[in-house]
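The structure that follows is given in the form of structure tokens.
Chains here go by letter, A, B, C, D, E and F, matching the order in which they are written, and residues are numbered from 1 within each.
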Amino acid sequence: MTMARDIAGLPMLLVVDAVRAALEEDLGRAGDITSLATIPANAVASAAIVARKPGVLAGLALAECAFRELDPEVRFRPRLSDGDALQSGAAAAEIEGNARAILSAERVALNFLCHLSGIATATAGLVAKVAHTRARICDTRKTLPGLRAFEKYAVRCGGGVNHRFGLDDAILIKDNHIAAVGGVAEAVRRARAGAGHLVKIEVEVDTVAQLAEAMTAAPDVVLLDNMPLAELRAAVQLVGGRAVTEASGGITPESIAAVAEAGVDMISSGWLTHSAPALDLGLDFAIAGAR
Amino acid sequence: MTMARDIAGLPMLLVVDAVRAALEEDLGRAGDITSLATIPANAVASAAIVARKPGVLAGLALAECAFRELDPEVRFRPRLSDGDALQSGAAAAEIEGNARAILSAERVALNFLCHLSGIATATAGLVAKVAHTRARICDTRKTLPGLRAFEKYAVRCGGGVNHRFGLDDAILIKDNHIAAVGGVAEAVRRARAGAGHLVKIEVEVDTVAQLAEAMTAAPDVVLLDNMPLAELRAAVQLVGGRAVTEASGGITPESIAAVAEAGVDMISSGWLTHSAPALDLGLDFAIAGAR
Amino acid sequence: MTMARDIAGLPMLLVVDAVRAALEEDLGRAGDITSLATIPANAVASAAIVARKPGVLAGLALAECAFRELDPEVRFRPRLSDGDALQSGAAAAEIEGNARAILSAERVALNFLCHLSGIATATAGLVAKVAHTRARICDTRKTLPGLRAFEKYAVRCGGGVNHRFGLDDAILIKDNHIAAVGGVAEAVRRARAGAGHLVKIEVEVDTVAQLAEAMTAAPDVVLLDNMPLAELRAAVQLVGGRAVTEASGGITPESIAAVAEAGVDMISSGWLTHSAPALDLGLDFAIAGAR
Amino acid sequence: MTMARDIAGLPMLLVVDAVRAALEEDLGRAGDITSLATIPANAVASAAIVARKPGVLAGLALAECAFRELDPEVRFRPRLSDGDALQSGAAAAEIEGNARAILSAERVALNFLCHLSGIATATAGLVAKVAHTRARICDTRKTLPGLRAFEKYAVRCGGGVNHRFGLDDAILIKDNHIAAVGGVAEAVRRARAGAGHLVKIEVEVDTVAQLAEAMTAAPDVVLLDNMPLAELRAAVQLVGGRAVTEASGGITPESIAAVAEAGVDMISSGWLTHSAPALDLGLDFAIAGAR
Amino acid sequence: MTMARDIAGLPMLLVVDAVRAALEEDLGRAGDITSLATIPANAVASAAIVARKPGVLAGLALAECAFRELDPEVRFRPRLSDGDALQSGAAAAEIEGNARAILSAERVALNFLCHLSGIATATAGLVAKVAHTRARICDTRKTLPGLRAFEKYAVRCGGGVNHRFGLDDAILIKDNHIAAVGGVAEAVRRARAGAGHLVKIEVEVDTVAQLAEAMTAAPDVVLLDNMPLAELRAAVQLVGGRAVTEASGGITPESIAAVAEAGVDMISSGWLTHSAPALDLGLDFAIAGAR
Amino acid sequence: MTMARDIAGLPMLLVVDAVRAALEEDLGRAGDITSLATIPANAVASAAIVARKPGVLAGLALAECAFRELDPEVRFRPRLSDGDALQSGAAAAEIEGNARAILSAERVALNFLCHLSGIATATAGLVAKVAHTRARICDTRKTLPGLRAFEKYAVRCGGGVNHRFGLDDAILIKDNHIAAVGGVAEAVRRARAGAGHLVKIEVEVDTVAQLAEAMTAAPDVVLLDNMPLAELRAAVQLVGGRAVTEASGGITPESIAAVAEAGVDMISSGWLTHSAPALDLGLDFAIAGAR
């Protein structure tokens, strides 16, 4: 409720709702029965959130919220900010408060933090590989249910850019839509007729020929799906700056630099959110007295 | 509401709640504006959920629920069951229904299915590596917030066993609890005094010496944390069947067989739920007429 | 759950949630104590939703949902569709079902229908006044809390177009943002740097001079706020098709045709959603037997 | 949570729930992306809620709650209270706090405030027209779904009285109930037999003859529906103080004084809540520094 | 969703919400692990809800809903209706459906049914004791949190009448309110000035003298609190039919007949809802095959 | 949010959710209209929660939360703690704060407190009767829907122990499960195969013969259901410490000592939670000024 730090683009109401739900999931109907049996009610502890591996930090506000929900008087001092690089052994934040509360909130705090920092770290890795080009890295809708706003925030922490947040905030015409309409240019035209003036229209194409037809309908963005590098280069040239170009499909850490060098504006990766491994962060903890 | 198939141990009420929340997250305030603009309202489609990579299936009921929420009349025919092995190219289920509804639900259905099948596949991989031993594979509380019940279900689909579901349904005494109490055996005794007679007590130890002390208090389960193989073998021998033995920490696909061969009953892995990569499944789709 | 009709762009999950909440608001803790005391439990009624004044229909699915929630066996037969013109005395739908359920749901059904049809009617009125021009009518975020998705749907039923749905799906730079940044063009540039490639950028300007500066940053849409007609015409000319033009501020039914004739693409009106009067629809009801 | 001011009869829990839902509706999944891109995180602003038109204020606590939810440290200083008359240009409240938070909450705060003040203003207008009589103005159940408690509060702010809040807290026997029972007096008797001793019973009649029959069953309130003035006067005389008299139907600002002069106790108007136009209030805003 | 029977005055939406919450409370995160391990997924069972003790039935719809939520295809055949007398050994309903579902829902169904039937039985007991008088039995707001609507429904099933449902639907002026105002008649007058015309006003008095003062303000109901029998008789005489009289305080099954014979209209009892013992009902169950 | 006292094993998030729901149930749509009409908005009161009968206190944090939700500035000073014995006339807590808020929260606070203290008092009564034996008293799943976590907490306050919290956190094999499997030992074996290593297995038996068979499968706990005393003694002897023994069925305050003297470890009682009468606590209240 009184958290001072800013979490850019992550509505605090969503943070509180998600953290409360996660705590209720973990505390169940009887709470942390281990800490209740072994830790005195008035014990005070000091703790630190420490990186066990290097990476990029994301989700500190969610961690803070977890501790604060169980101890409104907790002192949570960030040592780093979301988006910062973490060295192995570095402390992201220091915590002082009720010992039971800290232990009871630990897992929820770390579950958010390790997952989101994993995504930020993976994003930063791809961003670094294309830093010598104009390409930017973006995410997809291949997110874990219930966590999309947070995962997309983590992508931003890693230096990436967000694709649309849902089915409702941008139009993306895919092969199935094109097949239903009967043609790519006609599909774009129908989308434009149906969409509001503040909605962008992207269309997915598989070949340069299809791209050429699509461009007659002037889409805002073209998704170049699974194109070989030569075709990708031809596609970028054909577009000639009249639309944003986005490459997608089969992107690997090995192949991404070459894709970027083909000249596209954006490279989107579902892997960032559905498969990036967690970053290993832990809690160093010590009883510090009683109050 | 009228789904016929059984989903062992996954309360259907949780499934419906989670799927509805995921659909609301994806559909937002205006729904699937792309399909609305390009697919006729009365178009009917047939589709199939198809594996692009081999693995183990988990989460079919969540996928079905996603399609059914958007088209209560959908025909969803499973071709395989959760826990079955998937060959690359195999269909997990066939779907027939309103074309817009199928496209609008596709991403949510696949997001659940790919994530959970990824966990089941990873679990089955570890299970296979220890099949020649008595060891069983289990999960941890390192799950993604909001998804624990589903992720633990996926572990069961992969042949694994579940550790506790939350802080409230079993006691697990860790180093911090022991430090607060001042001794491992005393910690177990306090836990037993506080816990009900239907709650099991597990205690984490780092060394055989600590284990010996712990065993004087007769815990139900001992967690052998990060022990070298030789120490692990000594620990198993010391316990001598008087408690369940669980190995944890630094388990890798390479090292797991050796850990299992040390004779432990259980091996727990946080990686299964926090970092297993998604299994690649997709939707093959075709317009099949109108009604 | 089994409603057959299509409600374009209005996620059914939102409809059900809103209707249930409205019914709970009206039924309270004891239900419809008047009908319980006076209508036999097994009485069957036939009813019709009838327009008392002419207008444009919007919200039929919400009305149907209200009756269906209280009588899952109700027969609800639409005679018209959302977006259709209603003559005074015309029936929008016919209903047959449990008499108590119909009377208990009546007010909720009509409260949605009269409000949304009022918005659709108001929208259609403005659309008609600019039909001889290229201008389209759009809404704003001046909606009633909790009803935005439905009110924006009603605007579409009336022939209008939707502006953004929330603070998160498009950028609209207003005077306060410009003042904070120190200049309109710089504000647009910062917005572009921060926004994803699927987010459109609109900027509000008060004068042609400010517009000229804004255009150097190539916004997608320009909001021409409260401009006199001569200035509006100059603004449209200056833009010259390089951005969508939207007029706003002080639009009245009397003035709107002249604004449209100035050549703008869009005219936005908060009045449509915050002040359009309800359309008068009522329920004709008769007991038809018992079952 | 710590708002000091009293909001008579408006449970604060309802206020917080409604404001949070409205903020989530507006902030969506990514928050106020415009302010995030253009306003520094630490900028502080001072603002004022100012009336652009004269009217009666209602809903200040909802506005305060919106700002406070996004900035718990905000200073919100009311200059007027709900129910006070607003001159054009008058400030209802002054606000000082985080600049982003103020801009992000602005629309939600104003949407509540303009709608509720519109209702209070409309109510006060009718109240003034009947001030020379004994008649009081009351509302109906023709409210906007989800907003009933707030709209009825606004009617009280405007000097009106509330009719029942839902189907469950008073009995109102209408034509359809009478038809089902077969007679007005019998309907009242059945209602009395079914209702608790703390529930009032009102019956709607269309004619003096029907009223005479109804009075034999001693209702608490009679609703005189759509009666011509002469009949209304006769009805009031017939009742002779043995029940509260309420006139309803076809009330207009022009006709209301004559209706009141007929001697009724109450005049109810659905228009107050379903069609009263919003009162125009805006936010004057200026960056005031940083912290 | 498709339950056919009527539950007078108990909104079905409240039933479904309460039953789902109760099932989620009981099924937790892993469901009925005992039945999952021992009952085949396709086993079909027949069962009966049987009274182990005599009493009055209440809550059958909640029981049905519990079974239906876990098996939408269940056949639930009521043999008796709410309000009916139950003999020991009598079946209230017969059930046929999925064996696991019936066992998993059993406890929730019985928990509702035994509690509510306990209240109905207790109510009927008091009603019988005063059947020779004009007195009716009513409840209070001393209900268990979250269960008020259901408990008050059970009171009606037992032949009782409901007092107000909450703080908002009737005025009850107690000693603390009178002390704050400075006098009982003045308190009634203030209440009348503040309340709508559809709200009844009750005032609590301790003595006949206080009652005499209260009657000068013409309350609708007087609560005669803890009066000795002689004073109660005097009070009833003083009121003389000008208000409803309600006796309260220290009512026991032994004393209630004498209280009723003092001539009061109503006798209210908190014991009905806060302390009535559960009625013993159980589930007779047998596996009946497989499907 | 800032409540200082510890409530062992009762997650504060559950407390806040339950109290808010109870307040919304009682305050309804218009709030405490009696206090609003009679108590000045700025009146301050001092009050005390006082026992009218002796017993054991449970639920103080829920009471505090009720007052705090309606007046965040309230001063709530506990004089006793949960689990303490209450003398008749003793104050459990003193309260100082806004007079309206205290009166509006009174009923919710007392409804929780009287119910939970009733359970604690009943539990303590049984505990005292078996204090000379090794037996401990435990609860069942026969709890009131929505209140289980609180009721089980109250059992602990009274000196009892909790049985499982739901269907998911321990296995309890009953007669119907045994019948479906075909034998008690086989049922235990199937349960063990299906359950995780942190789940205890209890089996219900009716006779010593059945117990003997069950013991061959080494359950953790045996439930000795409705056994005569002689059989109970034989059962305890047969088990010989190899499992926890729990007696259940037909336990009365009169019979419980004899059951305990038969040597069982646990005695479970559904009566504690489904039928224990409320403990009588009230609120002493006085206006103390204004602020």
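The working rule: a contact is a pair of C-beta atoms (placed from the backbone, for glycine too) under 8 Å apart; a residue touches a chain by one contact, two chains touch by 3 or more.
Remember, predicted model here, so these are calculated numbers, not experimental data.
Undergrad: What's the overlap between the neighbours of subunit C and those of subunit F?
TA: Correct list: A, B, D, E.
Undergrad: Which chains sit in contact with both members of the pair subunit C and subunit D?
TA: The shared contacts of subunit C and subunit D, listed by label, come to A, B, E, F.
Undergrad: Among the chains, which one keeps its Cα centre farthest from the Cα centre of subunit C?
TA: Most distant chain from subunit C: F.
Undergrad: Farthest chain from subunit A, going by the mean of C-alpha atoms per chain?
TA: Most remote chain from subunit A, centroid-wise, comes out as E.
Undergrad: I'd like to verify one number: the distance from the centre of subunit B to the centre of subunit F, where each centre is the average of its C-alpha atoms, in whole angstrom.
TA: Centre-to-centre distance between subunit B and subunit F: 33 Å.
Undergrad: Could you work out how far the Cα centre of subunit B sits from that of subunit C, in whole Å?
TA: Whole-Å distance between the two chain centres: 43.
Undergrad: Could you say which residues in subunit F touch two or more other chains, in rising order?
TA: 1, 25, 27-31, 33, 36, 148, 162, 165-166, 168-169, 199
Undergrad: Just say which it is for the chain contacts: an open line, a closed ring, a star, complete, or other.
TA: Chain contacts: complete, every pair touches.
Undergrad: So in the complex, the part of subunit C that touches subunit D is made up of which residues?
TA: Per the touch definition, subunit C meets subunit D at residues 18-19, 21-22, 25-40, 43, 99, 103-104, 107-108, 110-112, 114-115, 118, 141-148, 165-169, 171-174, 176-181, 187, 190-191, 193-195, 199, 271, 274-275, 277-278, 285-287.
Undergrad: Which subunit E residues qualify as touching subunit D in the complex?
TA: Interface residues on the subunit E side: 136, 138, 161-165, 168-170, 196-200, 202, 220-221, 244, 246, 265-266.
Undergrad: Note which residues of subunit E are touching subunit A in the complex, please.
TA: 25, 28-29
Undergrad: Considering only the defined contacts, which subunit B positions touch subunit C in the complex?
TA: 1, 20, 23-24, 27-31, 33, 36, 41-42, 69-70, 72-73
Undergrad: Which residues of subunit F touch subunit A in the complex?
TA: For subunit F paired with subunit A, touching residues are 1-2, 6, 8-14, 148-149, 152, 162, 165-166, 169.
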